[in-house]
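The structures come next, written out as structure tokens.
There are two complexes below, and they share chain A, which is joined by chain B in the first and by chain C in the second.
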Partner chain A sequence: MEIKINTQDSLTTAQLIGRLDTPASQEVSGDFDNLAQYAAGTIVLDCTELEYISSSGLRLFLSLRKAAASKGGKVIVKAINKDIRSVFMMTGFLNLFEIQD
Partner chain B sequence: MKKARLLDPHCEAILQEYQDNLPRFREVEQEVKDKLRQTLADAGLLVAAIESRVKGYDSLAGKLELKGHKYKSLADLTDILGLRVITFYIDDVDKVASAVERLFDIDWENTVDKRKIHEIDSFGYLSLHYICSVPGFPYRFEIQMRTLLQHAWANMDHDTGYKSGVEIPKRYLRNMSRLAGMLELVDDEFSKIRIELTDYRRRVQALVRSGNLDEVSIDGDTFRSYLELEPFNQLNKRIAAMNQAEIQEVPLMPYLAVFKALGFKTLGDISNLIKDYSEGAYQIACYQIGLTDLDIISSSIGPQDLCIAYILKMGGGKAGIKYMFDQLNGESESNDLMAEMLLEQSKDLPFMKK
Partner chain C sequence: MKKQNYKALLLVLIAALTLEATSFTQYFFSQNVIKEEASLRAEGQLEVARNRILDVTNQTEAAVRNSMWIAQWCLNVPDSLVRVCERIVQDNPVVVGSTVALVPGYLKDKPLLAPYVCRNEDGSLRRLSLATEQYDYPNQEWFTKPIELDGGYWSEPYVDEGGGEIVMITYSVPIRDENGKVAAVLTSDISLDWLTEMTSSFKVYPQAAGIILSRSGRIMVSPSPEVIMKNIHDFHTVLKDNEGFDDLNKAMMAGESGNMTVKYQGVACYVYYSPIKHTGWAMAIVIPESDVFEALRQNGIAVKLLQLLGLAMLAFMLVSFIRNQLKYHELEQTRNRIENELQIARAIQMSMVPKVFPPYPNRDDVDVFGQLTPAKEVGGDLFDFYIRDEKLFFCIGDVSGKGIPASLYMVVTKALFRTVSAHEAQPNRILTRLNDVMSQENESNMFVTMFVGVLDLISGRMQYCNAGHDAPLLIGNTGAGMLPVDPNLPIGVMPNWKFTRQETQIDPDTVIFLYTDGLNEAENINHEQFEMQRVIDMARKLQQERKFKPTVIVEQMTNAVRSFVADAEQSDDLTMLAIQYTKHQEDLTYQRSLTLTNDLKRIPRLNTFVEEACEANGFDMAVTTQINLAMEEAVVNVMNYAYPKDSTGNITIEAKADKSTLSFVISDTGTPFDPTAKPEVDITLSAEDRSIGGLGIHLIRQIMDHINYERVDGHNVLTLIKKLA
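Here is the complex of A and B:
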């Protein structure tokens, strides 16, 4: 699992590459903490190359969204594949995030 | 830029005293403003603005030039520091006033309720002015309290020179008075609407609490009150128990649009949905997450799966589910894919065959 973070003014893009399963979530939780520093602006989680998400991955997304809500920023989840979209739907989190195709 | 003025030594002394104390005036300005802001916020009183200013050098010099003989010392001038609280509603002016009375010492002798000194046939400058002081600061200051509309009138009034003492033709004065009267009426009407709305909300909450849901039509207020009863809790907990999942609370207000789109008219309709479709919703959730290790769900899972079960059972099909997702997430092609998936998953579930 790899995360590439790129910040430009108030827009931060994080490219998520690989499988965000439970071990990977622990591995990248530091990266998500770093991302939370930019939560006052817009954070785009680019999921073009994200293959899978587990509950632990969902929790990382949620805590980032909480940080953004408290700082007046927003999190956009971009280009999730069909399986990940259905995980969001099955757990009821689909309408919590702004999702871009 | 200070303008060159010819002032007598008495006025010069007052000006000097002003300059010596200017930093302290600025400090008190901030302290008073912070205190006011905090107290109003603690009381949940939303105001349009809290403004403040310390009188400028030229403005004071000009005033002294005109009527300096009236003041023995700087302490006789009560408007060096001035604050203004602008409220949205007329009845909030009195609430702000009572907060000001609690926070500061009021010089009642010099305090004027301009709202009360009007002649019976005149309208216009309706505003409440308090002359206040705080311990440890020898100068008094003024706090004005008025509504947004009074503020608008006062500013227009200033601009037209109504108070400048210059003779203005009577027909203009009459027009200004008519406008002021109208604004006063508008302020009263806004207040009435707020009182009626508060009353309406209380009645609705009472109806919701007493369980007379069929009598309560669905709108933003009633739906919010209904959500306070946590009507989807039981279903959410049942779904969560499947995977020992934690339930993350999320806003459920977006479902108002969905329930309306489904043609629900009263809270009773939602209550019936929960009664009649919880089993179907549970079966959908079982099918979807029962065989996964997902151990976190959102509190919107209940209403979401209830709506899906209802739409499918009523024959709304793929288009109906897509429409629901469009309402919740905005229109998207992916909503179509999900609707198709749901249709496929649900067709063999027991509730669909009943």
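Here is the complex of A and C:
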């Protein structure tokens, strides 16, 4: 699991690569803490290369979303695959995030 | 005014009219009777008066006649004539004066001689002489008439000018000397005062008055002194407001007797008249009509008062009757309303117990039939069942008492059962929670006996807890008998009671038969109870006949108790619930197992294990990914919570499949932990309101068809099942 973070002005893009399962979520939780610093602006989570997400990964997403909500920013989830979309559906996350193709 | 009051008024009016008609008729007839009575009384009075007058006149006449021979003898000694008079007056109290008046010229030396004796007011006698120049006695009626008639004669009334200005009448007889020559007239005067007194003392009625007329029609006695000595005609001329006296005069003067009506001084009067033949007088009694009818009038007033009183009572009774009617009507309305509401309550209560049977037509592992018959409109019995996570949760209960109070508790109990069991799978804990709630502020001291069971439809294991309820029966292939139950208290009795859990294996085809005491305590008309033995006998009979269908069992049990009770009224709510477990284990087609330490780094190993199992049982990639996610969530949960931090423990995962399902059984030896007991997350909440946790179990529920947790022999056993595609 790898995260590439790129910040330009108020727009922060995080590219998620690999499987965000439970162990991976532990690994990248520090990266997500870093991302939360930019929560006042717009954060795009680019999921083009994200294969899988577990509830631990969803928790990271939700924590970031909460930080953005408190700081007045927003979180855009971009290009999720079919499996992840169904997980988003089952958990109601589709309504919590702005989803971009 | 209300319609009923009009009716009452009408009734009182009719009663009043009837009474009035009755009293009028009575009055009419009474009047005639009273008139007759008055007539009889008046005639009696007239008779008495006549006799009295006869008595007095006879006395007077006798006094005169008896002295005739002495007077005759005394003619020779004229000076002694006065002695004759004195004797008459002295001996006869009715006589007020007497004279012997000589025929003028009978004595040569005394041309006129008429010694007169009268009685003074003090009773002493006085001698006078009528032979005065002013009083020409030889030309007086009393003197001339007897000589003319040659016999006794009663004079007309006249005012005694010489005597005492009193009205009097005189009886006189001629006296002849030895030669038969008329020599003198002997008289006795009687005052008319005694007549007046006599008539005034004749009070047949308070205001009755007498009238006595002389031969010539002079009034001798009258209620009005003004007309004394006058003609009866003067009743019209002297007095005002009199009518009919001319007719009366005519009739009286004709010597008739009878009655008529007159008006005397404006007052209508009855007059009864009759002649006094002896003296040629006529006598009448005048009675005011009001006197005659006074008694009747008073009687009438009394009757009227009684009638009014009666009518008032009738009106009062009617009013209170109507009030009662209205009250009764209101009561009836209230009763109808309550009955309506009870019907509604019954419908509500009935809608709270399951009533769609068979409840699970598409399942081949369980069949249920239940039936609740309240003794009254609403009752305190309850039963419920539903399937969650491939477990059948069921309960039966009986609230103490009957009717509305019991039904309220029934509703609460039923609702609590659903609420608590939604995330509590152990029956003892369900009952503990119910008990906590129900025993708080239980001021009415209601309690509920209750049996709660949780049947795992996959394994056939049944956990149950009995809170003071009758033990259910098990009816299966190997026999029929009572399920052993621990003696727990009913719920609502004692807070913090530790309810014990029991467990048993339900074999396929076996029926769990639950009931309330309305069954074994059903009474016939002799107050004999159906009793447990009959219930068990019936169960054994059904078992021998291999009748295991829930509908058949409940139906036959119902028939048995009905024929026992017969015509007796149902005394208690009757509830029966039969649950048949019909699952038959199938042969396994796939079986693998994996043991992991509680290290998150071992998750990829799990992924491989799951993917292999999914692939072997024909799941596509998308579903495989989901099952993988569910299994990861379940196992990570165990890794995180089963064992204390930094201690190592094992987790065993078993994958097995039959023709229809793929099951994963995750077991560990850690601390008891039931992930299925967590409340559901609300995925409709906003990001701010949503909690971070709970997503894992949510995902498992979403992905898998069945999740089941059990604590078995010191193991947490979590089973996840997915139906094959």
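In this text, the second predicted complex is superposed on the first by the 101 of 101 C-alpha atoms of A that agree within 3 Å, B and C clash if a C-alpha of one lies under 4 Å from a C-alpha of the other, contacts with A are read in each partner's own complex, and residues count from 1 in each chain.
Please note the rule applied: contacts are C-beta pairs under 8 Å (C-beta built on N, C-alpha and C of every residue); 3 or more make two chains touch, one makes a residue touch a chain.
Worth saying up front: this structure is predicted, and the values here are computed from it rather than measured.
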Side-by-side fit of chain B and chain C on chain A, or clash: clash
First (chain B), second (chain C), both or neither touched by A:85: first
Touched partner set for A:69, first chain B, second chain C, both or neither: second
Partner touching more residues of chain A, whether chain B or chain C: C
Touching partner for A:6 - first (chain B), second (chain C), both, neither: neither
Touched partner set for A:99, first chain B, second chain C, both or neither: first
Contacts of A:26 with chain B and chain C, given as first, second, both or neither: second
Chain B versus chain C as contact partner of A:58, first or second or both or neither: both
Of the stretches 6-14, 204-212, 294-302 or 330-338 belonging to chain B, the one that collides with chain C: 294-302
Common interface residues of chain A - those touching chain B in one complex and chain C in the other: 54-55, 58-59, 62, 82, 86-87, 90-92, 95-96
Footprint of chain A on chain C - complex, ascending: 600-601, 603-604, 607, 622, 625-626, 628-629, 632-633, 636, 683-688, 690, 692-693, 695-696, 698-699, 702-703
Residues of chain A defined as touching chain B within the complex: 54-55, 58-59, 62, 82, 85-87, 89-96, 99, 101
Parts of chain B lying in touch with chain A, wherever the complex brings them together: 245, 248, 250, 254, 285, 288-289, 292-302, 304, 325, 328-329, 332-334, 337-338, 341
Complex interface listing, chain A residues touching chain C: 21-23, 26, 52, 54-56, 58-59, 62-63, 65-66, 69-70, 82-83, 86-87, 90-92, 95-96
